[in-house]
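Each chain carries a letter (A, B and C) given by its place in the written order, and its residues are counted from 1.
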Amino acid sequence: MTAAPLDAALIDAEAGEAPWQRALRHLVKRRAAIAGLGVVLFFVALAILAPLVSPYDPLATNWAAVRKPPSWLHPFGTDEIGRDVLARVIWGSRASLLAGLVSISLALAAGVPVGLVSGYAGGFVDGLLMRMVDAMLAIPFLILAIALAAFLGPSLANAMVAIGVSQTPIFARLTRGQVLVVKHEDYIEAARAIGNPHYRIVLRHIFPNIVPPLLVQATLAAAAAIIAEAALSFLGLGEQPPDPSWGSMLNTAKNFISQAPWMAVWPGLAIFSLVLSLNLFGDGLRDTLDPRRG
Amino acid sequence: MTAFLLRRVALIVPTLFFVSLLIFGLQQLLPADPALAMAGEERDPAVVAFLREKYHLNEPLPVRYWLWVKGITVGDFGESIRIKRPVRDLILEKLPVTGELAGLAMLVALCIGVPAGIIAAVKRDTAIDYGATMAALWGVSIPNFWLGILLIMLFSVTLGWLPASGFVSPAESLKQNLLTLIMPAFVLGNAIAAVMMRHTRSAMLQVLSADYVRTARAKGLSQASVILRHALRNALIPVVTLGALEFGALLSGAVLTEQVFTIPGFGKLIVDAVFNRDYAVVQGVVLCTALAYILLNLLADIAYVLINPRLRA
Amino acid sequence: MAMRRFLSCALLATSLCAGAASAQTTLRIGLAEDPDILDPTLARTYVGRIVFASLCDKLVDISPTLEVVPQLATEWHWTDDNKGLVMTLRQGVTFQDGEKMDAASVKFSLERHLTLPGSNRKAEISALKSVEIVDDHTVKLVLDKPFAPLLAQLTDRAGMIVSPKAAQEEGDKFGEHPVCAGPFKFTERVAQDRIVLDRFPDYWNKDAIHFDRIVFLPIADSTVRLSNVQSGQLDLVERVAATDLDTVRKDTRLKLATITSLAYNGITINTGNGDRAKNPLGQNTQVREALELSIDRTALNQVVFNGEFAAGNQWEPPSSPWYVKDMPIPGRDIVKAKALLAAAGVPHPSFTMMVPTNPETLRAAQVIQSMAGEAGFDIKIQATEFASSLDLAVKGDFEAYLIGWSGRTDPDGNLYNFVGCKAPPALNTGHYCTPDLEPLLDASRTAAAVDERLADYAKIAAITLVDRPIVYLWHQKWLYAMSSKLNGFTPYPDGLIRPQGIVMQ
């Protein structure tokens, strides 16, 4: 898009401040983004500490306590076969966070190398790779994910693979775009003139300079991945019972809205807060890394 | 310019080729024999064998791929095994429905996203900015099937204002048609609103710092006049062209929205077909939507280049 | 195609305008799925049968108590040592295209069921060798050996008579514009949206029909389906979720109708289909007995279905006249279950239970997992898409399969194909085979008298309920929610919605 990252970096270098310090300073000023980050970290902590924090075993059924409203014994109520909803929301954070983390890591691990190779090599290789990426982009994301998940079988792991694969072309495209911008910069020309091998140029000179937009996209894509997990669960393709995930909890709860609304409220709120926070943080990150600021 | 156009059009073919490979592979390699899934409950081996013969399921994959592609070139997209109707007819039937839903949803997205984006750009980092940002973001933070069910509970069951599900074609009754589409369009549009907000915001930011805007302000024009007359007009162009690219996201969202509201469009057709192993339907629909997406991309690129001559080099 | 749709829309609009003057009455029914092809010979879905109940009449029908009653045939009797079935046809019946129904059209339809490539009815009436025309209104069905369930088969799609003229003209496109002899004729179908039928004015039983039009609307989600009837957009919906029944009872806008179905649901165990049968569960009857004893069917019904379905331990529900009364539902006995497992030498058997991804079935699976866990079973739930699960079951790639059977009017339809050595391997997926059972199964099919067959079934139960290749668990009930203004609806055990007698006040 623009060649600005270099100018801004030069300006800051002159001002005596490293780019990441400047970015951090701007980030902290955006309160919404920080709040978002805080909520995300809260859920991460919840997921890690689940065994310690959860009041009950999320799989423990209790016939006598089926669909009981919130009470002191069960602050979030119980579900359709007597399991504690609070425990399942806490443990379910693992599945949802994994859905975000694993699928996006997959997409990055697959998409970024493709984008790097395609952008740097150019020519026929670029053309071929980009046609394949375009083909994947041309198929609506959820449809691709559904076809993949049906192909692999209904499970959380397969859903994560399906979502990851569906997100890969976006990262491939983004990476390539950034590589094209940076490829002709002076410092890259210089590195080539000195005689650096191609892989060294790509990994040590190009890649670090394109990380910021990738980071932003990764955050926003993680948010989309968590929603996608809920969508796949709705169709029966995500986390399978009895293991909890917010998406599959919503899917079960949808048939009990009038009788037991608490079954849906809490996982719904959880998804909403986590995804909203990721979006706010991602947007804030984009603003700070955007050289057009100030 | 012509060279650029020709090159872009020529690129459609290899892209579609890869799309066809991808979707054909995904469908044909799905576990479970479609013939068994389509045979009656009695699973009569004679019926299974008959279906396998009729739909060439005994042939090797490359042969089936070739048969399928050959059919497409003459407009035959195959047949839905489940209800024995040509896929082409199903597509033509469902296209206007999803098209209408997507169009209305885009309208909703623009109505929410564009004002939110303008406010966020003009009143950066104030409470109003946060409010507008929230308004656009909450739609993308809620699973749309969930929102749909909540809305049905409220507006159909409790209040009785809107129909809970179903679709009435505009040819039958425009009023009923719009009533059946209000909730689904709102649900679907919400999810895209966030993207439209982001596009609008960044476009506005870019434009607000441009020279001609500073000139307008220096001339003494009011803030509102500056925004509306000068900045917005230029900012909207990239927004609208980028909006065309959201077609893919709209279709994704439509899949679940149509399921919840029982709108007989593309999305519902595909989901049911995947689970019924009605592979010809999935392949045909995906190929069509891919073509539509590619064409829209092309149009958007052309529009972008036409408007911004600097990019033509 | 778009043109035809536009024209039919225009016609619809015009007819609505015309109809408004005479207040056309429409019955709007919500179905749980979109039916498949509307050709009685090729059709395969349950919901399709609901549409057929208004579209195509059959030779005979059933009463709510499962007796065979006249419809297109007025009387019948067996001859030639039960190898011939003579049926007298009703006089004055016309098809929806105006053609008369006579013995020739019945012969044509039955032969079509037997010979059309891809016919799903062939397996149902394979015992039928030929159809003879005795006179204009009498046919004789000739079998090669006695087969008591044949009459019951004729109460379903295999007994539906289609107009030969239309069938011959349309060929295999007949399903797009079916022409039969039922109370409503086919008007329009938009896939996954609606099926519209209009009253056939020359129907032989036209006094029982009080609607001008029926519209079937498929709505997959049970909550949304119910919302539609609550908001008044639909008049009647089928398969209300068991857990929504209280909502329906409390809602003054709605009425409820229920009846126990012919279906059963249970755990099919792989006892002989490939390598995955070689485990304690598949090989040892004591282990299977322990599994059955660890499950409390009443609690299962209570937790998963709010107590609304019927617990069962046989292929027929306890309310059925074919239920073997001296083998009632056993209660839960964890102590005995543990003892049996100890005696079998496997105190903690572990197996994978394949479960189709259907919310109620998955819930039941979790409850079973939990209950059996207390006896020492370690059950892994393998949620599998229905189409895949079917495929895996036929291949023998399963250990236990939580699946049901939609049920047939004749008890043979619930039994023979699942436990017989000669049963189709695609249905008896566990490949259960006990030679002692074969002569009993054959006898139960050839005997014509009810008490003879009941005695046979008692002997069969004494073997299969002890061997337990299938652990039967529950029988679903058909649950209908309808507008409180709808009267005259009678539920039938086969779940079909028969329009005769329904009236909107």
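As a convention for this text, contacts are C-beta pairs under 8 Å (C-beta built on N, C-alpha and C of every residue); 3 or more make two chains touch, one makes a residue touch a chain.
Given the structure is predicted, the values throughout are model-derived calculations rather than measurements.
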Innermost chain, where centres are averages of C-alpha coordinates: B
B-C compared against A-C, more contacting pairs: B-C
Separation of chain A from chain B, taking each centre as the mean of its C-alpha atoms, in whole Å: 22
Distance from chain C to chain B - Cα centre to Cα centre, in angstrom: 38
Centroid spacing, where centroids are CA-atom means, of chain A and chain C in whole angstrom: 46
For chain B, residues contacting two or more additional chains: 31, 149, 153, 259, 275
Shared-contact residues (touching 2 or more other chains) in chain A: 150, 153, 254, 257-258
Residues of chain C touching at least two other chains: 221, 223, 385, 388
Residue ranges of chain A in contact with chain C within the complex: 61, 63, 66, 80-82, 150, 153-155, 236-237, 240-242, 251-252, 254-259
Interface residues, chain B side, partner chain C - complex: 31-34, 36-48, 50-51, 54, 80, 82-85, 89-90, 92-93, 149, 152-153, 156-157, 160, 163-167, 169, 171-172, 259-262, 264, 268-269, 272, 275-277
Residue ranges of chain C in contact with chain B within the complex: 1-2, 5-6, 9-10, 12-13, 34, 36-37, 42-44, 117-120, 122-124, 172-173, 175-176, 190-193, 217-221, 223-224, 227-228, 230-233, 385-388, 390-392, 394, 406, 417, 424, 426-427
Residues of chain C that touch chain A when the two form their complex: 221-223, 241, 243-244, 246-247, 299, 302-304, 357-359, 362-363, 365-367, 369-370, 381, 383-385, 388
Residue numbers on chain A that touch chain B, as the complex places them: 29-30, 32, 131-132, 134-143, 146-148, 150-151, 153, 223-224, 227, 230-231, 234-235, 247, 250, 254, 257-258, 264, 268, 271-272, 275-276, 279-280, 283, 290, 292
